[in-house]
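Quick one: structure below, then a few questions.
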Amino acid sequence: MPLKLLNNVFFQSIFLMSLLVVVGIFIPNWLVFVITKAIAYGLVGLGIITLMRGGLVSFGQGFVFGIGGYTAGLLGTQAGLTDAVLLLFISFIFTGFVGLIIAPLLARYRDIFFAMLSLAFSMVLYGILIKIDAIGGSDGFVLPESTYFGIKPSKEYADYILYVVSVIMTGIVSILLRYYYDSTPGLIALAVRENELRVEYLGSSAFNVTVLNFTIAAGLGGMGGALNGIALGHIDPEFTYWTTSGEFVFISILAGYLSVPAVFLAALLLELVRSFSGRYFPDTWQLILGVFLILSIIFIPSGIGSFFKQLFDKLKNK
Amino acid sequence: MKFFRHCLILASSILVSTMSFVGVTNADDHKGFKIGVVTFLSGPAAEPFGVPAWNGGKLLIKLLNEGKVPAPYNKKGFGGMEITAIPIDESGGATKQVQEFRNLVQRDKVDAVLGYVSSGDCMAIPAVADELQALTVLYDCGTPRVFEDASYKYVFRTAAHAAMDNIAIAKYLIEKGHDISSIAGINQNYAWGKDSWKDFSVSIKKLSPNSEIKNELFPKIFSGQYGTEISALLNSKAKVVHSSLWGGDLQSFILQAKPRGFFKRTQVVFSAGDQVMPGLGNKYPEGVILGARGQYGMMAPDTPLNNWFYKAYMDEYGVFPAQPPYRMVQGLMGLKMAIEKAMDKNGGKKPNKDEIAEAFTGLEFEAPGGLVQMKLGNGHQAIQPHAIGKTAKDKDGNIIVTDIVRYKASCVNPPNGIKAVDWINAGFPGADC
Amino acid sequence: MSDKSNLLRAEGINKSFGAVIAAKDININIQKGERVSLIGSNGAGKTTFMNMVTGYLKPDTGNIFFKGENITPLNPRIITQKGISRSFQIPQIFEPMSAWENLLVALGTSKKNHSYFRNARSKENSDYIDEILSRFSLNEFAHRQVSELPGGVRKLLDIAMALVRKPDILLLDEPTSGVGAEEKYPLMDTIAKALSVENLTVIFVEHDMDIVQNYSERVIAFYQGEIIADGNCDNVLNDKNVQEFVTGKTQVKAK
Amino acid sequence: MIDEFLTIFLDGAIYASWLFIVALGLTFVFGVLKILNIAHGGIYALGAYSTATLVPIFYSLGMPDQLVIVTMLISALAVAIVITPIMERGILRRFYGQDEVLIVLVTYAIYLVLEDVQKIIWGMNSLYVSEPRELLGALEFGSLYYVGYDLALIGLAIFCGLFLWLVLNKTKSGKIVLAVIHNPEISGCMGVNINKVYLAAFFVGAFLAALAGSFTAPLISVQVGISVAVVIESFAVVIIGGLGSIPGAVIGALIIGMARAACVHKLPEAEIFIMYFCMAGMLIFRPKGLFQGAQARKI
């Protein structure tokens, strides 16, 4: 019985969440913040991984990242809605809905075409955002400070509370996602990745599964964007720029599509590499980031998830 | 088992990263004064702004630490405390900068942050700065909205905002009797370009209501190709063409426009036209009216402090300083004065951020570009005197700036409590020229 | 539309690929419960016919009716949902998954799936898949990754996947191709046994005339896109044209 | 009226020519290697830098002015010769046959590296080589003044496009390349050295990128950061025209060039948006671009 409990996704996530919440008390503030940001990026990566299970990679998740961020930001500045939990939730739903609308346009395409069309969508949004002066144009705008169930935390604890909220919400999302992966459409997605036509010959729709995956990925990306905006207190059209999307793809390829926690680890790794190379090599951080990208693609081509799997399999055999 | 594996991975990675960087946070012994300097070190704004600014800053910090700066800056470092500076790249957008800012404050535990060229960054940072209660000096960016739309406790700007540049140019055009019956503009499509054009065109309309506005072009920033824009401007036959382009965009615009006779056919004004002069040298066109966003570089005043700085920079880097190094030096000097004023008050201890902020508010100090007064934004936003000039060739064929007109700070800056754009629209009430 | 006793009816099908004629005025009626084999040399039009029935290819002219409904314009997915499943000459199975998971995917959106939005590995689904596996004698391979399985097993799995939805018509594309001679009969026996449980209509393409003789009641012979013979097994195999163009000169003994 | 129309046409054509040369290499490399090379913009920048370095040396040697064009060609060639083995042989070759999107990510990483390589080699200062632009003098159209060099870019673009098209369709090696584009596996079986074709194609793509940079250098101040806009604009061209299609690149460049010129003259407010607008319109009505046929499904 206890062993069975250990294998239960629900229990695992609760344990992991509490572990992170406790760890958060002891680590310095800046690291709490970096992890919160990594969670935001990881959420978008999780969306890409959902798509990757169905054989697609979106090079334009900046699109949904931006929509989520602007949704949270505009609700905050225009409607005075500052509750972080509510903002994350609304961004998730709204961006998912936007995803559902554009998914049928994209779901017909595969491989590089899908990647490039999604990228084009994000660039169109970028073009629109820098044009709208009412919401700050290219400068973006500042978000009001968040509240939590009507309470505004004091400044010393604001970072930690947002961190806890994001850990819990991400935990819930990860549990739901695990259930989705194990459901029939989740399995069909894996089959679509292998052989789409055969899926059609089994009477299931690759198109529908792709639309569903894209919608979920959009919702996750929106939530990530909202979290990123709330954490930073500022958003700008850079959220939707192609270089931002490139980072998301990198996170998901670094993580591989086998494991959910690996995504967040990959996001954290990228955040740390970027931040520390920017700190110690301000002139050449792009070079370091680029080399890091190439090396990790060469040496762990199927992602951290598989890398650790191999490592532990080896240990077990010894 | 998979579950424990993941826990282990996550926990160990967090542990490793914490432990490996714990040195960074603990190494901080708070004897000297540590500042983060944020400026463009990569991307298109690095060469014209970020790098020369940081060159000026680096030089001044070195000389300050050695105690080789003339009075009133002759005390070593900041009030005897050695200055250490951590340079950070400003490129990557406002969102990235907010994160870098947090890293500087929370991880590196700097005592103050000096930085920001881009208006977008200047709009984003102050909110976070106050939230983290981190002393922040904005040294360059142009937008007037930072202290017009909000007020901050720990944020100061030691340079005048962009309204001054364009008001002064409008005044110059009229005083010098230029034909302003029609004007056109080419400015970048973001806050800086749009604000600059608005300030300029409204000022002209106020001073000469009959002048006609022709093209208002807003190419995107860093586009680098202006062939079409140049054709459109030539077609419009406007008497005066205004531009707030800067850096590579300005250089490319000049290179593309000059062979097409652009500068001979129309009177061009560049509101921030000086910072590409060291790079372009004699390729810079003649007869252009330009500002340097202050009395900087070729339009700097003949004071001992300026002569000292101009020479020190020239000796170190082999080119003359344009506005960016002046502005960073101005920021550093302001910070130094505020710290030393606070130390005079607290008996010579290292002042905390509240003491420095209090001393900074309303501070006046002499910089190479003239007297800087923290008069706007309830003592957080500086005003400074300005100068406008016109390029010409000297007898050796070198480009120089002549016909310089100097403006008092209070002549081209709004008084405290009035937004720049309202002041212009109202016709400059209370201007003291 | 008309005669309900015809489960599948093809009317005046023509199809050409450039200069190659793949189908020329094909008319076929298939009744419920029939076991039909399609024979003909390579390029005779058997697979093209199969692809047209399942909607992968569209005929240039002509229509195909299933249970009286014109299915010509429909795509493979809809046709599968209506009750026509197929297997493939080269097994189309999902390599990184186990045989068990392959069947779970095959369950897909069908009415046989008891838990579409819940965990797909539900008790009901497990029981059903185990039943299918045992029917095809595949239990021992259930949890092995299919990319490691031997050829005959892969063939069986491919057919099992087509059967999971409980179709009305099953199309088998060369079920014994790529399998060693000594394995052919055991394989066909397993297939026949598995299919006998349902009252299925089976159409299969086959080159081995012994197998055709042993496992089908009706044979349709194709030559250059045309049907040159259609009827009961012995008659067709003894037809002079069939012997000349399809099976070669050798006389086939009557059963 | 006629004047303005002519101006829009000329401005649009000049801009389109520039865009076309950049996009041509991008689309050709995609056609052959199925790689959408984000680092294309980085190679463009290297071309500009190498011209800005070599041309002053050329002048200091006191060579006849007309030969400066040769120097510019040589500098583009030099970039392609250096960059091709490093990128294609050294890095990209490891990833052939893998997911196309993974390769896009690799080229993105290379793009990041190239950004800083420029900084390390040439430093932060901008370089100028405006001299070649004075070579062809100026032309007057009505009240307008055009520089001959800018108009010559139109000729260069036409030459590049036509030359590549002729090589592909009229020579034996070109036909081999077309065969590889059509089906690399079968071509490989028939004795075509695929690796050689890939290397050659990448070389041509890199040369075109460097050439575009090389001939743009006299127009601009060559400095860090000139590549980022190039990436996205050439990308827009190939999206509109269809990935891998040379005629598509022509049309895509013309659409963006003309639309942009018309906007600057008639509706300046829309200029910044027009490129994305063209792209969005194309996506909605013809998502694979003008010249992209339907993808065959696999089975």
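A, B, C and D are the chain letters, set down in written order, and residue numbers restart from 1 in every chain.
To be clear about the criterion, a contact is a pair of C-beta atoms (placed from the backbone, for glycine too) under 8 Å apart; a residue touches a chain by one contact, two chains touch by 3 or more.
On a predicted model such as this, the values are computed, not experimentally measured, just so you know.
Participant: Hey, which chain is the most central one here, using CA centres?
Facilitator: Per-chain C-alpha centroids ranked by distance to the global centroid put A first.
Participant: Based on CA centres, what chain would you say lies at the far end from subunit B?
Facilitator: So the chain farthest away from subunit B turns out to be C.
Participant: Suppose each chain is reduced to the average of its Cα coordinates; what separation in Å results between subunit B and subunit D?
Facilitator: The computed centroid separation for subunit B versus subunit D comes out at 36 Å.
Participant: Calculate how many whole Å lie between the centre of subunit A and the centre of subunit C, each centre taken as the average of the chain's C-alpha atoms.
Facilitator: 44
Participant: Determine the centre-to-centre distance between subunit C and subunit D, using the mean Cα coordinates as centres, and give it in whole Å.
Facilitator: Subunit C and subunit D have C-alpha centres separated by 52 Å.
Participant: Would you please write down the residue numbers of subunit A that are in contact with two or more other chains?
Facilitator: 130, 195, 197-198, 283, 285-286
Participant: Scan subunit D for residues touching two or more other chains and write them down.
Facilitator: Residues 115-116, 119, 272, 299.
Participant: Check each residue of subunit B and list the ones that touch at least two other chains.
Facilitator: 42, 189, 220
Participant: Please output the residues of subunit C touching subunit A within their complex, sorted ascending.
Facilitator: Listed in rising order, the residues of subunit C that touch subunit A are 54, 56, 75-77, 80-81, 85-86, 88, 92-97, 101, 104-110, 113, 115-121, 161-162, 164-165.
Participant: In their complex, what parts of subunit D are in touch with subunit B?
Facilitator: Counting only subunit D, the residues touching subunit B are 3-4, 7, 10-12, 14-15, 18, 115-116, 119, 124-126, 128, 130, 133-134, 138, 143-147, 150, 218-221, 223-226, 228-229, 260-261, 264-265, 268-269, 271-272.
Participant: Going by the contact rule at the top, pick out the subunit B residues touching subunit A in the complex.
Facilitator: 1-7, 9-11, 13-14, 17-18, 21-22, 25, 41-42, 86-89, 92-96, 98-100, 102-103, 106-108, 119-120, 123-124, 127-128, 131-133, 143, 189-191, 194, 220-221
Participant: Mind listing the subunit B positions that touch subunit D in their complex?
Facilitator: Listed in rising order, the residues of subunit B that touch subunit D are 42-47, 51, 189, 215-220, 222-225, 227-229, 231-232, 234-235, 237, 248, 251-252, 255-256, 259-261, 276, 279-280, 283.
Participant: Contact residues on subunit A for subunit B in the complex?
Facilitator: 6-7, 12, 15-16, 19-20, 23, 27-31, 33, 35, 37, 130, 133, 136-142, 145, 155, 158, 228, 232-236, 238-239, 241, 259, 261-262, 264-265, 268-269, 272, 275-276, 278-279, 282-283, 285-286, 308, 312
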